[in-house]
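Following this line, the structures themselves.
Same chain, two partners: chain A is paired with chain B first, then with chain C.
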Partner chain A sequence: MRTLVGVFEREEDILQATDAARRSGLTILDVYTPYAVHGLDRAMALQPSRLPWVCFLLGLFGATAKVWFEYWTTASSWAIDVGGKPWNSLPAFVPVTFEVMVLFAGVSTVIAFFLVAGLRPWRKAVLVHPRVTDDRFVLLLEQTDAAFDVTQVSRLLERHHVVHIEEREMQEVP
Partner chain B sequence: MSAPGSDADVPATPRLWTVAAIGGGMTLVAGLVAGSDRAWAAWLVAGEFVLGLGLGGLFFVSLLYVTGSSWAVAFRRVPEAMAATLPASAIAILALLLFRPSGYPWFHGLAAHEGPLAAFKVAWLSYPFFVARAVAYFVVWIVLASALVRQSRHQDLDGDERHSSRNVALSAGGLVLFAITVSLASFDWIMSLEPNWYSTIFAVYQFAGLFQSALAAMIIAVVWLHRRGPLRDILGEHHLHDLGKLLFAFSSFWMYIWFSQYMLIWYANIPEETTYYVERTQGAWGVLFLLDMLLNWAVPFLVLLRRPPKQRPEILVKVAAVVLIGRWLDLYLMITPVKTGPVPPFGLWEVASIVLVAGASIVLVLRALRRAPIVPLNDPLLAHSLHYHS
Partner chain C sequence: MVERVAAAAREAPWVEVDSLSQVTEDICRPIGGRPTVLWWVGFLLALSVLGVGTAAIGYQIATGIGTWGLNRTVGWAFDITNFVFWIGIGHAGTLISAILFLLRQRWRTSVNRAAEAMTLFAVMCAGLFPLIHMGRPWLAFWMFPYPNTRGSLWINFRSPLVWDFFAISTYFTISLMFWYVGLIPDLATVRDRARAGLGKRLLSWFSLGWNGSYRVWQRYEIVYLLLAGLATPLVVSVHTIVSWDFATSVIPGWHATIFPPYFVAGAIFSGMAMVLTLMIIARATMRLERYITRRHVDVMSKLVIATGGMVALAYGTEFFMALYSANQYEQFVFMNRALGPFSWAYWTMVSCNVIAPQLLWFTRVRRHLGAVFAVSIFVNIGMWFERFTIIVTSLHRDYLPSSWADYAPTSIEVATLAGSVGLFFTCFLIFCRFIPVIAMSEVKGVIGTPSAGATGQPERPPERLPALAGMEA
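== the complex of A and B ==
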């Protein structure tokens, strides 16, 4: 895939350049920043993350499973009388249920993020620009077809103080 | 952006609310003079409700200074105005303690009391000491609130950044005093209604409720000021989103603390502790007991769980209104059962209490808002707050 790499020095520039690129109908493959830039998701027109759903559903699953398990252990499988309380003592289950819910929701969200992001220890890091983890911001555009005019797009990026532009052939988005 | 903050910006208080405050107040005063126990309870509920808004405002402003937060500076005048209502709450509560102290069951002696803390309780709940403490709490709160607000308004005039650093120091010390005084006040004015019962988490529970309701009131105030003009170009969706997050978080905090108190008492199952919940779960009280959790936690939790509702003012305002009703009910459940029998009373006195709370809160907060520009004009963090991104 043929791409155009634009390197920027300032947060405001990458925000405005991304916004301008989206408005002119260019295909934004990704934007790389050394830290989370507020408002970038909107400039890229990213869909809201689906991770909250993983978090919610797994949290719900954890809580439900734990209530069932506590009920099963204390009231059904081996009923134990604790201080004359009813076997099925819901208030006593709440603290552990809460903790298990948090554990399931938290751990599963992190695992889901690792899976979706492809983040694993043996993965070779391919940086789109050596300084992107330090102090440079990179906008990666796809040259979708013959209509992609490099000169025109370069001019658009220059309006937002791009410091380096480069055409690059890539197998996959890093 | 239009020039922010001239005194005429905050619309005049609709006459209706002034009438409500006076009508509700006069009704309850008549009830107190006539010696009605229910009017006594309704007055205390109303006083604690308005006091909670004032203390919540004071806490919020202090927290902003101590943490160096810029995001809420643009609408800090709203919590400042809430803190400025503290003298009115002082009059309401001190009037009750001075003129009708017999509403507290220990006033005529703690005869039935025994146990290791008996001697301490008798000393602690001696009437002169009780009143002296109440005066001391209010002096601390009012001095803190007026000092913070005064520095902030001086900064409007001279733009001196030293006002901000003075307020940071004042807030840091103030928060320590706040924690101590709010805890003791909750023991004195609410927990001592049942002098043989105690819960060590009661003060935290009170704090959770008061700050949650103060956040709800703040949301309603800023959305109203946004719609009516004064905050139109100032308040953005990011400010609202963060207020929504705080309301969500503190609703959950309230539930967490509520349950901590309930579960420990339920689990230990000691008679002198369980009486509190026995009274409040029998018969129709049990319905209100569940409704309390629904209004203060289930509704805000479920509605505000996703992001979009936290950014939509019309939804936030409705949830905030539910939380404020929940706060009144929460206080009602703490105070009223002591004064009445197995049937939860709802009639003239309780309606008067609600009307008084609504009227007094609105009249007092708007009056305080009109006294200063709607934004802290020369606060060094204002520019950052106006362009705030969450």
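== the complex of A and C ==
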């Protein structure tokens, strides 16, 4: 896959360059930034993440499972009379149910994030630019076909103060 | 809403730097370099205190908790005091990392990493005490509802002590994940600066192949927001449940509906004081003056005085409720607190928690780091005595005068408390050496790219997005 790498120094520049590239119909493979630049998801036209659903559903599952488990242990499996309290002491189950809900929702969200984002300990980081985790912003465009005009795209990027442009052959998007 | 956003944009910058890479440079400098003499002194001191505490814990586990000063009347004292003290300290970390994140407080980015680390270490210290308090810590797994050969006999889910077990373990897990997720981009930054070797391999492992991709950043932001949203009610629930350990009993002085808000406010009060203590030291010893400014200290001092006011109000309310309840046992307990054998502890608490923080009303005090540091130490001490007062004065004289007893800690208990302080500072000093103490990616996000004027380049005129004629698809 032939790509065009544009390196920027400023947040405004990467935002505007990304926006302009998308408006011009270029294929944005990814943008690399040292911090979460707000508004870049709109500039790249990214779909909203579905991770909140994981959080909600797994939280709901955890809470439901815990209420059932507490009911089953205290009222069914081996019921013990504690100070004459009812077997099914629902109000007393609230605190642990809440904690387990938070535990399930939090842990599952983080695991799902690692899975979908491909973050794994043995994954070797491929950096598009050595300073991308420090202070550089990189726009990675795909040269989709022969009609891709490098000069014209370069001119577009230069209008947004690109500091370095490079054509690069890549196996896959890092 | 619009006005508030505009106000936030007008707010003077919290951190002033020349460039983004300067942030990286400043924060990464202490990592991997040779530690200073001051660091070694602090570390060896903390480590030796931890050693004393470990010896004391080893001795009391081998011998039994008869080595403590407890008796049949005062069944909780130092151990539970220390437990509540440490868990309370932890809460300020979550306040800064989660609640202030949801409230869009930009200044939090300079302190959240260290405050969250403080939370983790404080919860570790806190967890130690219920464990050794059990007397047979090797059977701690009995707290977990697992199928067993005794029935299965399940744990009693109606007991606040079981709630507490779930609350503390959930709190530790979520805090650890929150901290780690926030750390991944910074670990990647350190990784990309590190020279090849074991350190770099460890950093590569823990940074999970992070390469700054915005597709990952977008999900990262959502996960961070979700964790903040979960941690916010969690932190309130944890100290609420801790307070229920007391409030669900029928002991005068404990059996009060005011306990959950009183404990949560106290927890954040003590934790903010500890954050101030640590940040003022870190600022001076690690040359972080640019990042932890006097304004940061100023806003944190305001949080101390706000939560301190809530705590003071709770102290007053407790007395009023005792009077208004017309319950002689309740009234006796509070008179005994203020005038009885432990009145010295009560008045230490009042002077440290109510009187000392009043100094923070003055701007000059809030801007004087030495003065704020002194107040923060007073609050740390006062909040320890608050828990001691609540626990011991309520227990040592309850309904039956025939069972009244006295309490004094043994050297083993004092050594265990000291050991927990040693554990806390040992962990914190190791953290300062190997992990970026300030969340670089968050600070960079708040300062954004400094204006061209600051870098000495000519200011570029703002421009509009040019429409690309001829390239429109």
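Rule of thumb we're sticking to: the second predicted complex is superposed on the first by the 174 of 174 C-alpha atoms of A that agree within 3 Å, B and C clash if a C-alpha of one lies under 4 Å from a C-alpha of the other, contacts with A are read in each partner's own complex, and residues count from 1 in each chain.
We adopt the following convention: a contact is a pair of C-beta atoms (placed from the backbone, for glycine too) under 8 Å apart; a residue touches a chain by one contact, two chains touch by 3 or more.
Note that this is a predicted model, so its numbers are computed, not measured.
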item: Clash or fit (per the criteria above) of chain B with chain C on chain A; value: clash
item: Superposition-derived comparison: chain B or chain C, residues of chain A touched; value: C
item: Which superposed partner A:Leu115 touches (first chain B, second chain C, both, neither); value: neither
item: Touching partner for A:His161 - first (chain B), second (chain C), both, neither; value: second
item: Partner chain in contact with A:Ala45 - chain B first, chain C second, else both or neither; value: neither
item: First (chain B), second (chain C), both or neither touched by A:Gly106; value: second
item: First (chain B), second (chain C), both or neither touched by A:Leu60; value: neither
item: First, second, both or neither for A:Ala92, with chain B first and chain C second; value: both
item: Location of chain B clashes with chain C - one stretch out of 114-122, 186-194 or 222-230; value: 114-122
item: Residues of chain A that lie at the interface with chain B and also at the interface with chain C; value: 38, 52, 85, 92, 95
item: Residues of chain A defined as touching chain C within the complex; value: 9-12, 16, 19-20, 23-26, 30-38, 40-41, 44, 46, 49, 51-52, 55, 59, 69-70, 73-74, 77-78, 80, 82, 85, 89, 92-93, 95-96, 98-100, 102-103, 105-107, 109-110, 113-114, 116-128, 130-135, 138, 149, 152-153, 156, 159, 161, 174
item: For the chain B and chain A complex, residues of the former touching the latter; value: 259, 262-263, 266-267, 269, 305-307, 389-390
item: Residue numbers on chain C that touch chain A, as the complex places them; value: 19-21, 24, 145, 151-160, 162-163, 166-167, 170, 173-174, 177-178, 181, 184-185, 188-189, 191-193, 204-223, 226-227, 230-231, 233-234, 237, 241, 244, 441-442, 444-445, 448-449, 452, 460, 462-463, 465-468, 470-473
item: In the complex, chain A residues that touch chain B; value: 38-39, 48, 52, 56, 83-85, 91-92, 94-95
